[in-house]
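Following are the structures in question.
Each of the next two complexes has subunit A plus one more chain, namely subunit B in the first and subunit C in the second.
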Partner chain A sequence: MRLEAIDAPSTPTTLLYPVGAVLVTFVVASGLVMMAGASPLAVFVLVARGAAGSQFALLETLTRATPLIFTGLAVAVAFRARLWNIGAEAQLYAGAVVTVVLGTGALPLPAPLLLPLIAVSAMLAGALLLLGPALLKTRFGVDEVVTTLLLNFVMILFVSMLLEGVLKDPTGLGWPQSQRVIAEARLPRIIEGKRLHWGFIVAIVSAFIIWVVMKKTALGTEMRAVGHNAEAARFAGIPVGTVIVKTALLSGGLAALAGFSEVSGLKGNLTLDLSPGFGYSGIVVAMLALLNPVGVVFSALFVAAIFVGADAMSRSAQVPSYIADVMVATALLTMVVAVMLTRYRIRRR
Partner chain B sequence: MMEAFEIFLSASFWVAAIRIASPLIFATMGELVCERAGVLNLGIEGIMVSGAFAGWLAVYLGADLWTGVAVAALTGMAFGLLHAALTVPLGLSQHVVGIGITLLATSLTYFTYRIVLPEVTSPPKIAAFQPLKIPVLSDIPVIGPALFNQTPLTYLAFATVAIVAWVLARTPLGLAIRAAGENPSAVEAQGISVTGIRVGAVMAGSGLMAVGGAFLTMSAFDSFFFEMVNGRGWICIALVVFGSWRPGKALVGAILFAAFDAYQIRLQQIAGDVVPYQVFLMMPYLLSIAALVLVARRATYPRALMIPYRKGER
Partner chain C sequence: MRLTGITKRFAGLVANDDISFALGQGEIVALLGENGAGKTTLMNILFGHYVADAGYVEAFGKILPPGDPKAALDAGIGMVHQHFTLADNLTVLDNIVLGTRRLFSPRLDRASARKKIAAIASDFGLAVDPGRPVGTLAVGERQRVEIVKALYRDARVLILDEPTAVLTPGEAAALFSTLRAMAARGLSVIFISHKLNEVMAASDRVVVLRGGRVVGERRTAETSREDLAHLMVGREVPPPRLGEAMRGGARLRLDGVTTDDSHGTPLDHVSLELRSGEITGVAGVSGNGQGSLAALLSGLIAPVSGTLSLGDAPVRRWSPRAALGAGIGRIPEDRHTVGAIGDMSVAENAVLERLRDRRFSRAGFLRADAIRDHAAGLIEGYQVKCPSPEARIRLLSGGNMQKLILGRALDGDPSVILASQPTRGLDVGAVAYVQQQLLAARARGAAILLISEDLDEIFALSDRICVMFRGRMSEPFDRASKTPAAIGAMMAGQGFETEQAA
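The block that comes next holds the complex of A and B.
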């Protein structure tokens, strides 16, 4: 068996293979649903209804997509420059911690001043958290995959320490949770009385800004050059180390916005279950979008729909909601195969 | 202060250290075999989860303990085959596929757990491996109980190091594995398939990772908990780098690491009032990062690590 590069993939194949990837994912999921003793069709109808069958369901999917857009963007930016940031989870919590520290009354400012201040500070925290692994990579050659992964575990313990210590809510009845942020530090709801908040709008705008940065700025060009071939980029006079550090700052900042938006827009306070793995799901979101920032919005909606739909489905059918995690992981693997098939032809000889 | 030092002299401390080291030894050897063949296996964390559950489940459903170990190994090898199929002949990104395998193995495990045990509130227990005292040797003070009064799986862990070291250093297969990770076209020139060697190494390595996971549910504890692997896989990746891709050095690294881990657990009991317990729990992860930084300057990665091999392409 041998792989043969295709020079110019045709439009039908670039569309066909990703659709095939999603189909394979559903075939795998069907097998698991049958293993659970249920009918795949009935279950998928329940999932679809749970994700988009009512106004409530749709808004819930948009709400769930919000942090995924941020973490998806964080991963897309980093992976484009081949900076393997697997630590979006930790950076998310860094943003959430800053939101709680600044948002619980320490700064008595009106909302139009306080919210941007908190958002920028949260981004700084996330950026600084990824700066460490990025510098270790550029200065010492330490693989950032392992350092960012390990920092996820350090960060969640750090948050746990804060929630049982200085950030503990005295009225929390012993639960490890922070105080609620003040009204001026809350992102407003988009529709009164519903959970969807302005974080979603910020996420969409961020996706557009990142798209512009990647497509239209020198930094974007440099990031792609470094990701494509670091040696060639260095030869062409691009300061590879600096580009990687800038990428890290941007990526960490974006992931931290997920934490800011979840606390300020949705939950109102910080708990240890703020993120059910949004950082890791962000990797899938970014890969499904082929690292395209605008595509991230759509793949985040797809992934959010699966999670929200599966949650709703598991309440009525006897299929565990973990089916969503399996589907998302399968989609990641089938998608990378699909992308390869658009670029290579498999030849037997 | 004396208390903090006296810990090192107690036999129970070293017994715990070797017990904590055992799953790390299996998984580190597994990762080492993959990487020596040129494949970074980031599926390790999820494969350990799947092995922990599969081995435990087999025993829970009535199999004997060694069958459970075999089931765990086979489960790991199945995920290894998937990883290898995507990264070796297809040459896909080892980073992305590895993370994907970890997500898939973990979620499939949790899904299966919920299917098999829909109604349980506390995880059921099995009759796990018991310590097997080796006569005479176990009577040596301190190291006797630490090394010779452990469960059979711990002995297997040490045997695995010896076998991996011997195979890699002394056999034609080991030479082919090492060459596949350093200079794959030389392997092909010998008429040996690089693809075959790499797929085999990833499968074997993944089997070892899964047995490492199974140690947790079948020897260290006697039931399966979600998140029980808790980053051990990532720590093993750091241990491989720390051990310069050599089985002996990696073994020393795993034991040092485990001793540190056992020490922080005991230190918590002494200093727990002054320092929050989370600080102690963070230390193993921070230590792993520190170890990576320490060896980074002189780390010599297998030269073909993470580079897909395509026939005729250079």
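The block that comes next holds the complex of A and C.
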């Protein structure tokens, strides 16, 4: 068996393989569902219904997709410039910490002033958190996969320290949680009484802005140039180190917005389980979207739908909701293979 | 050995179209063709790297199974690739033996291997030292190791892909006498080349490929350079004509410049002056500091000591952007990995050096129309054949990619031009075009530094010539003042020892 590069993949194959990838995902999941003793068709219907079968389900999916869009964008931007930011989780928490610090009454401002101020400060915190690994990479060649990954653990322990210490809610009955942010620091709900909040709109707008940046600006072109071929970019006079640092600031800021939006829009306070791995899922979201900012919105919706749907399904069918993890992971693997197949053909002998 | 009806297609492109020819025992056949004529594809099919869509290869009366390099090896076919396949950290002996033993065989039996290598070496005049690590060998020696490796496996047909691309003229002559010795002992040789003079010098028979087809087959004794060139190109190509030099003042000067070794052999106290309206040719075997010289002029590295001056002022901060700002047009040696970004479009590559210019972006936003117009202008002005400015540049042939890079470098009438191997690997038509454009830039008063391993090119284009050896640079001399043989001797180090003593 060997691989031969295809110079110009035809349009049908570029569409067909991703569809095939989704089908394979369902086949694999079906096998597991049958092992759990349930009917695959019934389970998938339940998943679909749980994800989009009612207004509640649909809004829940959109709510869950919101942080995934931010972290997905953060990863997509960074990966495009070959900055392997595995630390979106830490940057998310950095944004959340800033939101809590500024949003619990420290700044007595009206909401139209306070919310943008907190959002920008959160972005700064996330950006600064990724600045260190980016500078280590450009100055000393330190591998950012290692530094950003390890910062996740540093950050979660730091947050734990804060929640047991200075940020601990005195009225929290001893639970490690922060005070709730004041009303002026809350992102309003889109529909009164439902959980979906304005963070979702901000996420969609962010995706569009990032798309414009990548497609229409000199910076975006420089980022892609550095990502595709740093050597050629440097030769062409593009300041590779500066571009990587700018990318890091943008990526870290986006991930931090996820933390801001979760605290300010949804939870209202900071806890250690604010993010069930949104930073890591952001990698999956970005890869499924092939690093396309608009694609990130759709892949985030897909991943959120599977998680939300599987949660609902596991309550009625006797299938553990871990099936969602398996499906997302399988979708990622098959998508990677599908992308490879659009660029290479396999020859036997 | 015989090839019959070999056809190979790649995504709509026919690389080989019904190719048939035979190779007799003790014969040296040259496979001549422009780049993109399908030579390398054919050799890869022969050796089993690719599977042909139609046709078959016969060796010693038996048909080879397609796509099986091991069967080709077993049938006695040996291949020496253009880019060597040797492990630098192993010794010559281990490299040669590598892959000939079974994986779990407990004994390597180096003694008998050494004996066999010695026999091959003396039979064919291929002197190699089996104990040395390959990493310490010069390029010519590595090639010898590759050949010995093939012979060690009892190859009776040897295929060489562009064997002289990396050799000095002297080394190339030695190689050809080795090939003669091998042919005299009944081995058959196929070598691939696009250089007419070496084909004329070394082969018994020439098979000419053009556009994937065999367009002619000649006995070397009964043909001429002109005839072969005509077959290969399909049209006459006039040699470039060097007009009267219009010398002006110095545009760029190096005074005792030493560099670091991040781009190969570092420069060692190099002094050089590039003057307006003049082409300075730098000859030398690759890896003697040309990479550092090109990197220096490109702005990729700054002098560690010594000064680089533009006009009269020595430069302080030096970067690719500074070089561009100073009006240096740069044509890099490696167009695929340095000159262009394969996965970006032709248009994006065309403006890559000037993204932040007012012309192409305003307040950080790209001016898409201006970029497209500029790219279309380069495509038109420099005869780049491409489907559209939006096409990914990796889809372009080497010649067309180089024309675009040339256009990018010459855009805005640079005062200094660095042309590093500007025609390497290009077909005859593209070579002539690139050379003409360089001469036109010279006529407009640019100071041009031409780095080339092709001595013919250096002679054809340069007003003055320098030779590089181990990071040092000879005094420049007028091109008429020395013969190619004298320069070949300098490329091998003659005249440089005394300098060091003094």
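As a convention for this text, the second predicted complex is superposed on the first by the 349 of 349 C-alpha atoms of A that agree within 3 Å, B and C clash if a C-alpha of one lies under 4 Å from a C-alpha of the other, contacts with A are read in each partner's own complex, and residues count from 1 in each chain.
Going forward, contacts are C-beta pairs under 8 Å (C-beta built on N, C-alpha and C of every residue); 3 or more make two chains touch, one makes a residue touch a chain.
A quick note: this is a predicted structure, and the numbers were derived from the prediction, not measured.
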Which partner does A:Leu219 reach: the first (subunit B), the second (subunit C), both, or neither?
second
Output check: A:Thr147 vs subunit B and subunit C. Expected answer is one of first, second, both, neither. What do you get?
first
Counting residues of subunit A touched by each partner, does subunit B or subunit C come out ahead?
B
So, A:Ala233: does it touch subunit B (first), subunit C (second), both, or neither?
second
Give one of first, second, both or neither to describe whether A:Gln318 is in contact with subunit B, with subunit C, with both, or with none.
first
Of the partners subunit B and subunit C, which touch A:Val101 in the superposed model: first, second, both, neither?
neither
Partner chain in contact with A:Ala36 - subunit B first, subunit C second, else both or neither
first
Just checking: does A:Val328 make contact with subunit B only, subunit C only, both, or neither of them? Give me first, second, both or neither.
first
Go through subunit A and flag every residue that touches subunit B in one model and subunit C in the other.
2
Quick check: in the complex, which residue numbers of subunit A touch subunit C?
2, 6-8, 216-219, 221-222, 224-225, 228-229, 231-239, 347, 349
Contact set on subunit C toward subunit A in their complex:
10-11, 51, 66-68, 298-300, 319-321, 323-324, 330, 332, 337-344, 348, 352-353, 355-356, 360-361, 364-366, 368, 394-395
Give the list of subunit A residues in touch with subunit B in this complex.
1-3, 32, 35-36, 84, 86, 136, 140-143, 145-147, 149-154, 157-158, 160-161, 164-165, 280, 283-284, 287, 318, 320, 322-323, 325-326, 328-330, 332-333, 336-337, 340
Touching residues (chain side subunit B, partner subunit A) in the complex
42, 82, 86, 89-93, 95-97, 99-101, 103-104, 106-108, 110-111, 114-115, 118, 230-231, 234-235, 237-238, 241, 276, 278-279, 281-282, 285-286, 288-289, 292-293, 296-297, 299, 310-312
